[in-house]
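After this come two complexes, each holding chain A, first together with chain B and then together with chain C.
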Partner chain A sequence: MAEVKLGMKTQVPASVESQKPRSKKAPDFPIVEKQNWLIHLHYIRKDYEACKAVIKEQLQETQGLCEYAIYVQALIFRLEGNIQESLELFQTCAVLSPQCADNLKQVARSLFLLGKHKAATEVYNEAAKLNQKDWEICHNLGVCYTYLKQFNKAQDQLHSALQLNKHDLTYIMLGKIHLLQGDLDKAIEIYKKAVEFSPENTELLTTLGLLYLQLGVYQKAFEHLGNALTYDPANYKAILAAGSMMQTHGDFDVALTKYRVVACAIPESPPLWNNIGMCFFGKKKYVAAISCLKRANYLAPFDWKILYNLGLVHLTMQQYASAFHFLSAAINFQPKMGELYMLLAVALTNLEDIENARRAYVEAVRLDKCNPLVNLNYAVLLYNQGEKKSALAQYQEMEKKVNFLKDNSPLEFDSEMVEMAQKLGAALQVGEALVWTKPVKDPKTKHRTNSGSKSATLQQPLGSIQALGQAMSSAAAYRKILSGAVGAQLPKPPSLPLEPEPEPTVEASPTEASEQKKEK
Partner chain B sequence: AAASSSDSDSGRAESNEANSKWLDAHYDPMANIHTFSSCLSLADLHGDGEYKLVVGDLGPGGQQPRLKVLKGPTVLTESPLPALPASAATFLMDQHEPRTPALALASGPCVYVYKNLRPYFKFSLPQLPPNPLEQDVWNQAKEDQIDPLTLKEMLEDIREKADVPLSVQSLRFLQLELSEMEAFVNQHKSKVIKRQTVITTMTTLKKNLADEDAASCLVLGTESKELLVLDPEAFTILAKMSLPSVPVFLEVSGQFDVEFRLTAACRNGSIYILRRDSKHPKYCIELSAQPVGLVRVHKVLVVGSTQESLHGFTHKGKKLWTVQMPAAILTMNLLEQRSRGLQAVMAALANGEVRIYRDKALLNVIHAPDAVTSLCFGRYGREDNTLIMTTRGGGLIIKILKRTAVFVEGTGEVGPPLAQTTKLSVPRKTRLYVDQTLREREAGTAMHRTFQTDLYLLRLRAARAYVQALESSLSPMSTTAREPLKLHAVVQGLGPTFKLTLHLQNTSTARPVLGLHVCFLYNKALYALPQAFFKVPLLVPGLSYPLETFVESLSSKGISDMIKVLVLREGQSAPLLSAHINMPVSEGLAAA
Partner chain C sequence: MGSEMEPLLRAWSYFRRRKFQLCADLCTQMLEKSPYDQEPAPDLPVSQAAWILKARALTEMVYIDEIDVDQEGIAEMILDENAIAQVPRPGTSLKLPGTNQTGGPTQAVRPITQAGRPITGFLRPSTQSGRPGTMEQAIRTPRTAYTARPITSSSGRFVRLGTASMLTSPDGPFINLSRLNLTKYSQKPKLAKALFEYILHHENDVKMALDLASLSTEYSQYKDWWWKVQIGKCYYRLGMYREAEKQFKSALKQQEMVDTFLYLAKVYIILDQPVTALNLFKQGLDKFPGEVTLLCGIARIYEEMNNSSSAAEYYKEVLKQDNTHVEAIACIGSNHFYSDQPEVALRFYRRLLQMGVYNCQLFNNLGLCCFYAQQYDMTLTSFERALSLAENEEEAADVWYNLGHIAVGIGDTNLAHQCFRLALVHNNHHAEAYNNLAVLEMRKGHVEQARALLQTASSLAPHMYEPHFNFATVSDKIGDLQRSYVAAQKSEVAFPEHVDTQHLIKQLKQHFAML
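Up next, the complex of A and B:
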């Protein structure tokens, strides 16, 4: 039974002496695919050295005819980063068996990796002709079209990929396209379906949670993030997002314990240190807060949110000169946010630069749409300067915003802010009591009903929502593909309008103090 | 804190040692066995109740294939094999007594069957049908109706269009140079066109009884994307099924004559499930990576993928669960503890661990001294529950499961991750920082004002300097409307003679510049230039004109100075451009 010659030891095409038993005139050829199975086993074990040795042997023996050996060699080249070489080898394979869609697929994949998306789509389309029911071709075509910014085509391809066979990857890609187009609701739909299909995929769960967070649906967001954490307790993206939600509810200690895990996994993440800093801020450990925020700022010097928080903390510490620098830096990066100008104005007021403070307020009022604090603070400044009329105008503006907010959301107002507003109202309304009583009452009653049970709930949520926006941006940044685009969506979500509210606490108190002084 | 944690760690390790479920029976790092899990098999080859280990050994570097039979820790017999073994299996061929199982080794296109360790039968895969067109063409060549060149064209045509691939003979021919064709055709034209395939994987399937000692059929997977079921006695092909890709791993359940299920993990990353009477796959599972192992536990298919994860699927292909592994999976096999009715999956990882899972619950982790490349579990010698592992370096490890051992779920990772107990490293602040903070609180306004004043002064100075530079044309760029010029200078050489090259470029889009002069200002005690003042030729827009001049350093004291280059317009006293060149120190001595 040992008649079959072991061809591999001899590199002479195993023919010369081996075929005696068959008594043929001409030499026989070795079977081309003889060791394909061995090549494959080595390849899937990632034992590339052994794999290359077998490939070399087999190619020598078959004089380069073994298609599978070339194919695997090309795959290994690609893994090693030699994409150009691998592309050439795949093309050789395509010549050896032109009817095989697999080879074309790999050629296209190499082109894709080289960034030649257009060429890749052409080859994929070619492959699709040979094999019409391959989800991989559809999926990859979808990815290529995404990079070519042809989102409609991409969606079509991805949907047909899903029809052929469901894969998490396709769902993720489809969700990303919706996000790129800014369609949050559709993206959520897709991710919901994806989670239904594979309920244990932590990446899907985390992304869905983050999307809900962006929409402000905190209950669902927490649910999905929690699920992600049950399957993978060390998933730092989910921890960061869940932690920021805990901050929203004032659970600073729990959030801090959770952040420890993240600090081990990604110790150089700016959003992490920003959130830790804001946790300490919430616990009134201001020095620790500043050092954490400064680390965050060191890691991401161009992130205005960190600068904003630094400005806020320094205002609290009454370090107005430092606060001024951080805030003006933040304004340089984000010149379109009313609250930043308001904080700057507060800093300037305390630095006794009234003229510039007033300018900052004017800018803040111009940019802001719905934060009554801006107007209130401006009114206080004007009142303190003795300009009652302008103060009155700002006060009325504030009332409008307050009424609008009351109509639209069940938010409670910060008690300090309400108190301040009442005092100012009282000071301004000398003689015109009727006009003022009503609006003043409203916040008051509201405040009273809530204050007993939930005193000062507002301040904390705000601080952490700021942080939360951060968490989202961070999560977005860790996505491997298209991260920039996803991140770019951030400014939109409704979390931002809420964001400024950390200031009220910090901010109202200094002004209040100054006002009281004056009155006395 | 560090000390206490390391204490507790070592404590845990010791308790592991004591509570380990395994007895170390044998470890030979030099056993020189290089194989895959598919080439390991345990069987009572001699019918004496003493189970032997059959190893289809590939040899170091896949160079010396051997069939080894081990009894206990020693090699009982060892015989060379004609080719590398793809798979080894033991099976009962018939119902006769004594019930000694036969040994089948799949290698190349053949299955070698041994009985009582003696060669008994050789089964060869049937030839694949050749392409009729190809056969025709060669027949014509045989009768000298066509010349080699036409033959080549026709074959290429067939290769482009046909579904059936060409034979090796034709492929070889297509590679030849024109001069070699004639001889090749003459040598080979009389041969019958052949297409031979090889076996990639093999397993056994009970013929008609589910008993432990019932006769089994061999199931073969071939490179031609087919599955064959062989009769256990006559070795005829009972059934033939086709797959969309080449099978790599096979898993079977049921009996051939009653109802059976064949699961094949294939090279295209898919897993196909076939049933009796289906010539084609009934269900398909598409993984997004290559499968590295396929094990059936009760009714659940467990697949290991190259993405370092284990997936569970139902027998209809629905995904049940996924578990992430800490490292790449090398091989997998079934662990069956009959006495306790336990079935679990063993997965050997690249980091040297062997993990045992029941569904997605981790039951046990074995730390092997080297990465385990093949493993199997079963009765060995007279011990029911033995685990046999071979390592990457060719070592052999035999462990025996303690009879008292019970696998309990939840011994894996539970609770919060370890990292949660480590403290956050919050940067500390110094005393100085606190003092500065206090100072800022007291004198914040003054600090702010000073800073603002200084900032304005700085800006003012910068602006002044800029204006001055613009007015006196000190910059190397001139942006006046008439003469937009750019100048940069290069100094070459070690000294005392340097070569000074000025690159002058007219950056206007269309207009040439005429009538410029270059003038050098330098200390005559230190440097000598052949020409301190010369005319510049007409400057065509866009081109860079190198203007070269030599500079002789006169000082022997290693002093260097600055040379100023001025570009002037005829009739104007203010320069258009100027450049200051810091000359390097002369390394050579001045010509004495």
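Up next, the complex of A and C:
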């Protein structure tokens, strides 16, 4: 039994060979296994042509009864990508040796590779009856149940596989299941155990770092991503994630240095160009930022984050028509994000379309529940339109959100935003003061009231201009932080290769001008 | 009688104004008065002049300048024995365009045609052809700008042109070739040259033309470069390229002419020696500095070798010499568009518009440049104009396809869907539209429809990596790893540097290698 277990860890042909001679050493059939050693030798040397020749010869001599030759031929077919032929040969092996679990495992594996997961689970269950302590069967059953969307069964099988033998693949599969179910905490637990078991696996480290990044635990995320980059300095996903964290902290030059490595290896990566663009934005090189973001948008036209960033940069450059275009496109792809509507409203305000700007703000306030900047900008717009009561209501709503954020997170607010809020508060209170002093009827007090009224009137136009400018300015400034956050969210798009790649190329028709005939 | 104009003078006037039929008719009248109507009388100069003029007029009716018309048929390509190196080194052949990607954007940014070359700004017959590996691929690739059918052989085209001569003379052919005494004419250089051009272009009898030219050059003791060029042209027409090369080289030693350089370069291109052709052009530029046709020849060869940056440089040189060169403007504009500079490309296309180029392709390109340069007011107007100017279904399909990209750019997926559908209505073989429709279906979650569309796109355009990669990704997602692997391998063949494809193949091989 120990010998059988030891055989399980070696290569499949070796394990098969170690079993077959023992069970078939009866002197009645020596001819059947005469060339097995040569087939095995060619196979492990990857000399597939010679291996096929020997297999053909052997099968002719034995009239197709040499199970090992058929088995190896099936393995070679699989390596060449001919899964269907491989499946047929493995089924022949299963007919020749009905009690051998390896043949059933290979049949199930072929069915799995062909995408027939239900049939694969049935065959794996048959194989499990023959060999109950095989971690591979449990693991592969878990994978098949994952494809069939039966996540509970999949988890049970994968946990059984882990109890029998621990492997990275099983941990990765379990983590994927939890992610598919949206259970981030359990996924992190699984990946933690996986990292303890296999500390040098860069894929596990990167995935764990990305998960911590999504939860906002930056310290641990940075640790794990740093470890991943220590073992694999050119890891594409880890570099993007680490770079986005550096962007969040304002280290744009360091992030750009890191991105240079990826730019040489993968020049057509939309998340890369998006992050590079936001680095330039952070360094206030807006034209370079626009170039990089446009390239990212060219390569990934369906990504709303890139369009969001393009709109933000164009707002900063005061190109409001272009900003409106990009933000409108982003809203088409992501219609449930309040910040997009807020930025759209800022663009519309500067395009002097107040009615549509108001509608956009209403939508932004309806969708967004935690961003005080939305209410602040809306209040500024209302104040500039002379609607003090509505502005005051929005201001109070903003104060609620600010207090909520102060209680829940140590996030520090942008100084421009604070200043803008204070100015707006002062302007609104002056209005209140005016209302408060009206009932007094004393002649001496009347004079003071007049004086106060003049002061308020003087403040209003000045505040109006400053308020308008600073509303846009504070929106842009606050976007610096949020743009870092957007950069931080970009580690999700590194999964972009898994999505079907849209046609990135724009086929401009060639300009077909008739050639003039040359005269000699 | 004194008030009438001299008939010969009137015939010359018709000839110079390119009214060749009137010129030929008038010469016929003059020759009818001569007792020798089948050959000019030796003692009558007016008769000889009329005879020569008629021959030249008939030739000009069907004349084709062969410098730029170079359409290889399937027979010439498949049975090509002229290329010397069967496995040429990279950068020295036009056969392997895929491995010579230097200086330009990759396939992910600039799409390629069936022949494996990046899309160019100017459509020429020779740029459509590559060296297809299989007969199916050769038949699938259209060869000319005006038809979707391949040319079976280039010699067939010349045979058809000769049928026009039967209609010009109701009294029979002007010259009865079978009864012609070539030796006698070869000793009269003025008559011989006109007769040669008549035989070669009007009668399409290459062999007889070659005989006349050989006798004439022999009579002139091999000192007339013109006859050597004509012999070279005959050899080229007959497919004897090495002999043609000798004749052109000998002519160049005696007298360097731009046309001779161009003809010799054509021979080298047929022999698949682009580097030699480039050296020849540069040698010609030493003699004729700033010659536009030579500069343009260099730019074309660099473009066919996929060296976009060098081609763009030489096109700029062309524009310095001749700033109304349509081909150079279009190629440079297209280069700028695919190098993330739509604003600069827009200026080039606007220049073409000012020059009077007014066709569907130009407005299509203007619309794309306006959109990507964020000049939104002109975009839809340009596309409307392009649609109204489309001359056939393929052009309309291309315009709708590009409109689909505009719709994707503004986030209107419904409009994009309709545009791609309309592209398929106009051209049911538009592989790019199939691919993009599949992507839109995937975004809606319609996996089976997306797979069917991707399979159609893959079969229609094996040279595009996008349908193969998308199909591989979708198959991998639903677990069909065999089809995913096969499709990923095709994607790798089409675009070897695609990192996502390499990653996917590695992943699939791990699946196959482990139990």
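In the analysis below, the second predicted complex is superposed on the first by the 398 of 520 C-alpha atoms of A that agree within 3 Å, B and C clash if a C-alpha of one lies under 4 Å from a C-alpha of the other, contacts with A are read in each partner's own complex, and residues count from 1 in each chain.
The working rule: a contact is a pair of C-beta atoms (placed from the backbone, for glycine too) under 8 Å apart; a residue touches a chain by one contact, two chains touch by 3 or more.
Source: prediction; values computed, not measured.
Enquirer: By the touch definition at the top of the document, which applies to A:41: first (chain B), second (chain C), both, or neither?
Expert: In the superposition, A:41 contacts chain B only.
Enquirer: Kindly classify A:287 by the partners it touches after superposition: chain B alone (first), chain C alone (second), both, or neither?
Expert: first
Enquirer: Does chain C touch more residues of chain A than chain B does, or is it the other way round?
Expert: B
Enquirer: Check the residue A:307 against both partner chains and state whether it touches chain B (first), chain C (second), both, or neither.
Expert: second
Enquirer: A:115 contacts which: chain B (first), chain C (second), both, neither?
Expert: After superposing on A, A:115 lies in contact with chain C but is clear of chain B.
Enquirer: Which partner chains sit in contact with A:276 here, chain B, chain C, both or neither? Use first/second/both/neither.
Expert: The first partner, chain B, only.
Enquirer: Quick check on the superposed pair: does A:256 touch chain B, chain C, both, or neither? Answer first, second, both or neither.
Expert: Once the two structures are laid over each other on A, A:256 reaches chain B alone.
Enquirer: Answer with first, second, both or neither: which of chain B and chain C does A:265 touch in the superposed model?
Expert: Both partners.
Enquirer: Which partner chains sit in contact with A:79 here, chain B, chain C, both or neither? Use first/second/both/neither.
Expert: Once the two structures are laid over each other on A, A:79 reaches chain C alone.
Enquirer: Check the residue A:318 against both partner chains and state whether it touches chain B (first), chain C (second), both, or neither.
Expert: First partner only.
Enquirer: Once the two structures are superposed, pull the chain A residues common to the chain B and chain C interfaces.
Expert: Shared contact residues on chain A: 265, 291, 294-295, 319, 321-322.
Enquirer: In their complex, what parts of chain A are in touch with chain B?
Expert: Touching chain B from chain A are residues 1-6, 8-9, 24-27, 29-38, 40-41, 43-46, 50, 53-54, 62-65, 96-99, 102, 135, 165, 167-169, 198, 200-201, 232-234, 256-261, 263-265, 276, 280, 287-288, 290-292, 294-295, 317-322, 324, 350-353.
Enquirer: Write out the stretch or stretches of chain B touching chain A in their complex.
Expert: Counting only chain B, the residues touching chain A are 36, 58, 61-63, 65, 80, 82-84, 86, 108-110, 112, 119, 122, 159-160, 162-163, 165, 168-169, 171-172, 175, 187-188, 190-191, 196-201, 223, 246, 248, 267-268, 286, 288, 290-292, 306, 319, 321-322, 324, 328, 330-331, 350, 373, 416-417, 419-429, 434, 437, 440-441, 444-445, 447-449, 451.
Enquirer: Flag every residue of chain A that touches chain C in the complex, lowest number first.
Expert: 12, 78-79, 81-84, 105-106, 109, 112-115, 117, 136, 140, 147, 265-269, 291, 294-295, 297-299, 301-302, 307, 319, 321-322, 325, 328-333, 497-513, 515, 517-520
Enquirer: Of all residues in chain C, which touch chain A in the complex?
Expert: Chain C reaches chain A through residues 65, 67-68, 106-111, 119-123, 145, 259, 326-327, 330, 333-334, 337, 340, 349, 352, 357, 359-362, 364-365, 368, 372, 374, 376, 395, 398-399, 401-402, 405, 408-413, 432, 435-436, 438-439, 442-443, 450, 466, 469-470, 473-483, 485-486, 489, 498-500, 503-504, 511-513, 515.
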